[in-house]
Amino acid sequence: MIYSFRNDYSSIAHPKVLERLMECKDEQNIGYGEDYHSDNAKKYIKEKLGKDSDIYFLVGGTQANTIVISSVLKPYEAVIAVESGHINVHETGAVEGQGHKIITIKGKNGKIVLDEVKKILDTHMPTHMALPKMIYISLSTEIGTIYSLEELKEIYEFCKCHELYLFLDGARLASGMVASNITYSDLANYTDVFYIGGTKNGGYLGEAVVFNNKEISKNFDYAQKHYGALMAKGFVSAIPFEVLMQGNLYLEIGKKENECAAYLQNGLKELGYKFLSDSVTNQIFPIIPKDMFPILEERYGVELWEVLDTKYYAIRFVTSFTTTIENCQEVLDFLKEYHCDWFLFHFL
Amino acid sequence: MIYSFRNDYSSIAHPKVLERLMECKDEQNIGYGEDYHSDNAKKYIKEKLGKDSDIYFLVGGTQANTIVISSVLKPYEAVIAVESGHINVHETGAVEGQGHKIITIKGKNGKIVLDEVKKILDTHMPTHMALPKMIYISLSTEIGTIYSLEELKEIYEFCKCHELYLFLDGARLASGMVASNITYSDLANYTDVFYIGGTKNGGYLGEAVVFNNKEISKNFDYAQKHYGALMAKGFVSAIPFEVLMQGNLYLEIGKKENECAAYLQNGLKELGYKFLSDSVTNQIFPIIPKDMFPILEERYGVELWEVLDTKYYAIRFVTSFTTTIENCQEVLDFLKEYHCDWFLFHFL
Amino acid sequence: MIYSFRNDYSSIAHPKVLERLMECKDEQNIGYGEDYHSDNAKKYIKEKLGKDSDIYFLVGGTQANTIVISSVLKPYEAVIAVESGHINVHETGAVEGQGHKIITIKGKNGKIVLDEVKKILDTHMPTHMALPKMIYISLSTEIGTIYSLEELKEIYEFCKCHELYLFLDGARLASGMVASNITYSDLANYTDVFYIGGTKNGGYLGEAVVFNNKEISKNFDYAQKHYGALMAKGFVSAIPFEVLMQGNLYLEIGKKENECAAYLQNGLKELGYKFLSDSVTNQIFPIIPKDMFPILEERYGVELWEVLDTKYYAIRFVTSFTTTIENCQEVLDFLKEYHCDWFLFHFL
Amino acid sequence: MIYSFRNDYSSIAHPKVLERLMECKDEQNIGYGEDYHSDNAKKYIKEKLGKDSDIYFLVGGTQANTIVISSVLKPYEAVIAVESGHINVHETGAVEGQGHKIITIKGKNGKIVLDEVKKILDTHMPTHMALPKMIYISLSTEIGTIYSLEELKEIYEFCKCHELYLFLDGARLASGMVASNITYSDLANYTDVFYIGGTKNGGYLGEAVVFNNKEISKNFDYAQKHYGALMAKGFVSAIPFEVLMQGNLYLEIGKKENECAAYLQNGLKELGYKFLSDSVTNQIFPIIPKDMFPILEERYGVELWEVLDTKYYAIRFVTSFTTTIENCQEVLDFLKEYHCDWFLFHFL
């Protein structure tokens, strides 16, 4: 493989995160999140939020989504998500596994459409239907799109009007924040709970769950332990966030990812490719003749995203903190040559 | 109210069921389903099935659906249903409450479309998606339609080819069997598990769950108790089935219900009404100007089924074992007069 | 069998309950508990309680215990019970099935000992142990003993001091109330939630769950449906309570049961029998030579309760609303004769 | 603090593990456990087992216990454990949280007593009690004791006779294996499933679950994802095991821990201390006058294990891969001096 664009969790961690880990190797820390690194990481996050939110470190995205949702909702309450939402498609029924229905709406560009949510609420039949109590959104979405700050505010206000909680999945938050100009403070003010993804943004693992609404975070530590998600070595989960959140590293990673993705997307557009979605983040979805797929898969580890018809596939390129403009240019160079060869082969 | 067409569970039970209950009032029976009546009811059912299936008496439809599904599936396995399926819409997340995802397909006329199921299987991503392992269908469906025997066979064979279980919800089985000519023996041969609805077909309560596939019924009694669904007075749940299944009473009830519903539907068609679905069972869904709804609701207890647009509603009439042709004719007479008055009022 | 003392749920229902059922047979009622009988039964119960508690009708004891506990507790919260408690021993893990740990204490005479509960609270390790949040007691207990009003008050006050809910399982409440002189009003004042058992006290089925603490009953109807426990024919579950609660029938049944049990227990004592517990309710537990068990089982359907050693069994006689003093005298006469024969056989 | 004996998860990881992590920092790996490191770690483990077991990497002990138990057992099945078992006491109801009852026995020295298990099986009441289906043991136990190979074999054979699965919790397996001379191959042959603890034995996190009985491991990857325990960066969880299992490092860590603990325990015995249990592993439980506790807590981070009476506490010292004989000697020296001072203060 030349360079893998398969995903943003191929490499262990950002060099600075690993450096810090090594610096701490001779320490003895207290267990279960009561250590210095956890406190310190929380302090950095709260400074960025400008708010004294409740923060917990979990180790994975599906885990974070499931435990947040199941600790906040009552057994008969449901979460609303778009059909393409990660919790609905790619979590092997984890949310349902803890007892909660996901009510899906079509959405648009991978995003919630409030009119559709409104219809869910209007046709709710008390007692006989699961009670909608939370909206789940992602920044960025599964297909690389983003919410604007205006959209986020509007959804949050809708939630407050209708006694719903707003939960934002931040598996790819760095890229999403940079693309949308949504700030930490916006996230603090316009969501009830969200998480800052570490795994896909330079951490070796870990997601920092942030409860801005303290009515729903009471005893979350019990919930964390109850669901097997409280790590004995809590400091190991906290250190990545200590590094990513100390200065501006987290968003710098997002910025670099987005720049590479944009460079690649633009280059591909110039070569005549069309795209499944209008991504502005670190995942892009070019449409290719299906015969090209094995070649690109071998060279770049890209995944098949969707079979569009008998001839065309949408595939996914993902950039990460390791991706360089050179990596992207190499893809473009290869494709230019490939096209040329293909042209020669077919028409001469 | 003149006569309630609201549903088929308005009256305590068919007179013959109540008679039998009274005949047994001085007996002392063993508890928890180990009694004579339970054995006897099972015997009658097995004779009709022509098969030594495993039979259990539960007390309600949501309970039956939930316990069957959660006792058969492993935690990470999912059930496929149409969007309008009872388990998906009207059970307050009960199936999810026991940990299982419902994968929905659009379907057609309230029925499963195998091409859509096929697509679910084809796009299944191992490990990352809940594993489809069961198809859920209803006879009759939520909108009064039925599967033909050919369709049932085809779905069952599809299931066997793809290692899926087929579960048939028989909340309104009497009406559905009569309309489709599907027999007890067909149900025994072409489903893995189904239930014979008592609550909506003349019993005071109770659903008889029938496992034709004994690989999945092992220790169902434990599951029944574990989910709080094993009645101390098991004989009270069994007696309705002893009566309904001894001769042909169950299907006679379905036949009468269907005849009344057809009479009413035809009469309404002659008066010019259109319908939401082409029902052949005991639920019919005429479309009415919304201003008529309060009048019909008051006289006949009918429910609003769907708001079609700003002017029209689809409403639901349900016939039951207590419904007579006279009850239906009274509706038609009233509407004839009402139209006449309305005509006079508006045009003269 | 001469007469079955096996349990108090051998017969369909008290004659007055069945009479009333038959009187209502031609009615058309609204479904899902929104009917006249449900309202009426609630009215009678509230009058007895002297309190506007929230009341719901469920169909079985295990179901009631499970749904109350799991709707009140958060996922990581636990209920405290004596080891012999019904929820701990005879419910096939139903409470755990909905996610909650039962923390057990030894107790005394089948009853909670507050010092033991105190120790549980004192050694609770935050985050790492399930959080004790409810005490579960039964009136009468599994071995026929009762709490006095003073004891009930003391437990309730303990609960209020320690932020615990008190839940009283009333599967055999009629017998327990009569023996303890605890009134409906006491139950309203000194529990957060309890249930009035119908199944074992003259109803054909059904338990009336009474929430005196309205902070924990919000949306219980959703929970009821979510757990498959909301009956379409809610009126069928309500009618027994309408009858049992209209006048004093419920306690009359308990009184008669207790009188029969006391008569039998006293007679057995005179014959020299010892007992496993000092029961004052409708279950008594004489200790017999194990060779006698098959004889008594055949004649009276009694159950083996505990194997005490290689020679002796504790067995259980249960009286019900159908038991008469004559039934009890017949047992005593038989045993007198049996002893006589046995004496002749062994010593002459 | 002089040196922390608080637990064996105070330090990030064994130096060799961290070294290896750093060596891999520039790699691009495939996600979700399909990477080279996962394969390699599995290969090393299988070589040690001498068996082609199914191996999965999870991130924590409570998580491993919960997912193994809930993926193996049916909803109504229960696991048997000693009262002091980790799953029963220190997991915040996690096993119950996934629906399973833990049936407890008193046990002896923190270990299962088969006679007690036998009694559970003998008094099992079908349908009405949760079905015992698994025995849970730990090596080492919560109080530092071990099973001998003979005991392990006996328990395993008992399990096979009674259709029970045997699950061994290996949170502290290195120390336990060394102390008991139980080998990897013994674990492969005499358990159905066990896990090799990483977190407390030199890994930064992670537990390697080993299914020797392949009948119960089918689709465990789905279960892993369903419970939120499948890491995107599976290679991060696998690397510690690659290092610990390549040569003999895992057992060397256990050996060193045990030697230090024995040195400390013997020294304390010579000073006249008595112990709560007769530990042969890396946890020791000296009994001290309670006034000494704050002093030892401050110097060595030790935890209070049990309040024995008004005067004495049992406390816990834990040794880890970082502990040296010098650290232990320092404790002994301090205590010698302390005793001397105390003697002077009290008697002169």
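Read from first to last, the chains carry the letters A, B, C and D; within each, the first residue is number 1.
Everything below uses one rule, namely that a contact is a pair of C-beta atoms (placed from the backbone, for glycine too) under 8 Å apart; a residue touches a chain by one contact, two chains touch by 3 or more.
Since we're looking at a predicted model, the values are computed, not measured.
Most remote chain with respect to chain A, judged by CA-atom centres, is C. Remark: among chain pairs A-C and B-C, B-C carries the greater number of C-beta contacts.
A straight line joining the Cα centres of chain C and chain D is 42 Å long. Here the spacing of chain B and chain C, counted between their Cα centres, is 34 Å.
A straight line joining the Cα centres of chain A and chain C is 52 Å long. Shown for chain B are the residues that touch two or more other chains, namely 75-76, 91-93, 97-99, 127-128, 130-131, 222, 225-227, 230.
Chain contact summary for the complex, chain C toward chain A: residues 32, 70-71, 74-76, 98-99, 126-128, 130-131, 219, 221-227, 230. Against chain C, in their complex, chain B makes its touches with residues 1, 3-4, 6-7, 9-13, 15, 18, 21-22, 24-31, 59-67, 91-94, 97, 199-200, 204-205, 222, 225-233, 235-236, 301, 322. If you check the complex, the residues on chain B that touch chain A are 75-76, 78, 89-93, 96-102, 104, 125, 127-131.
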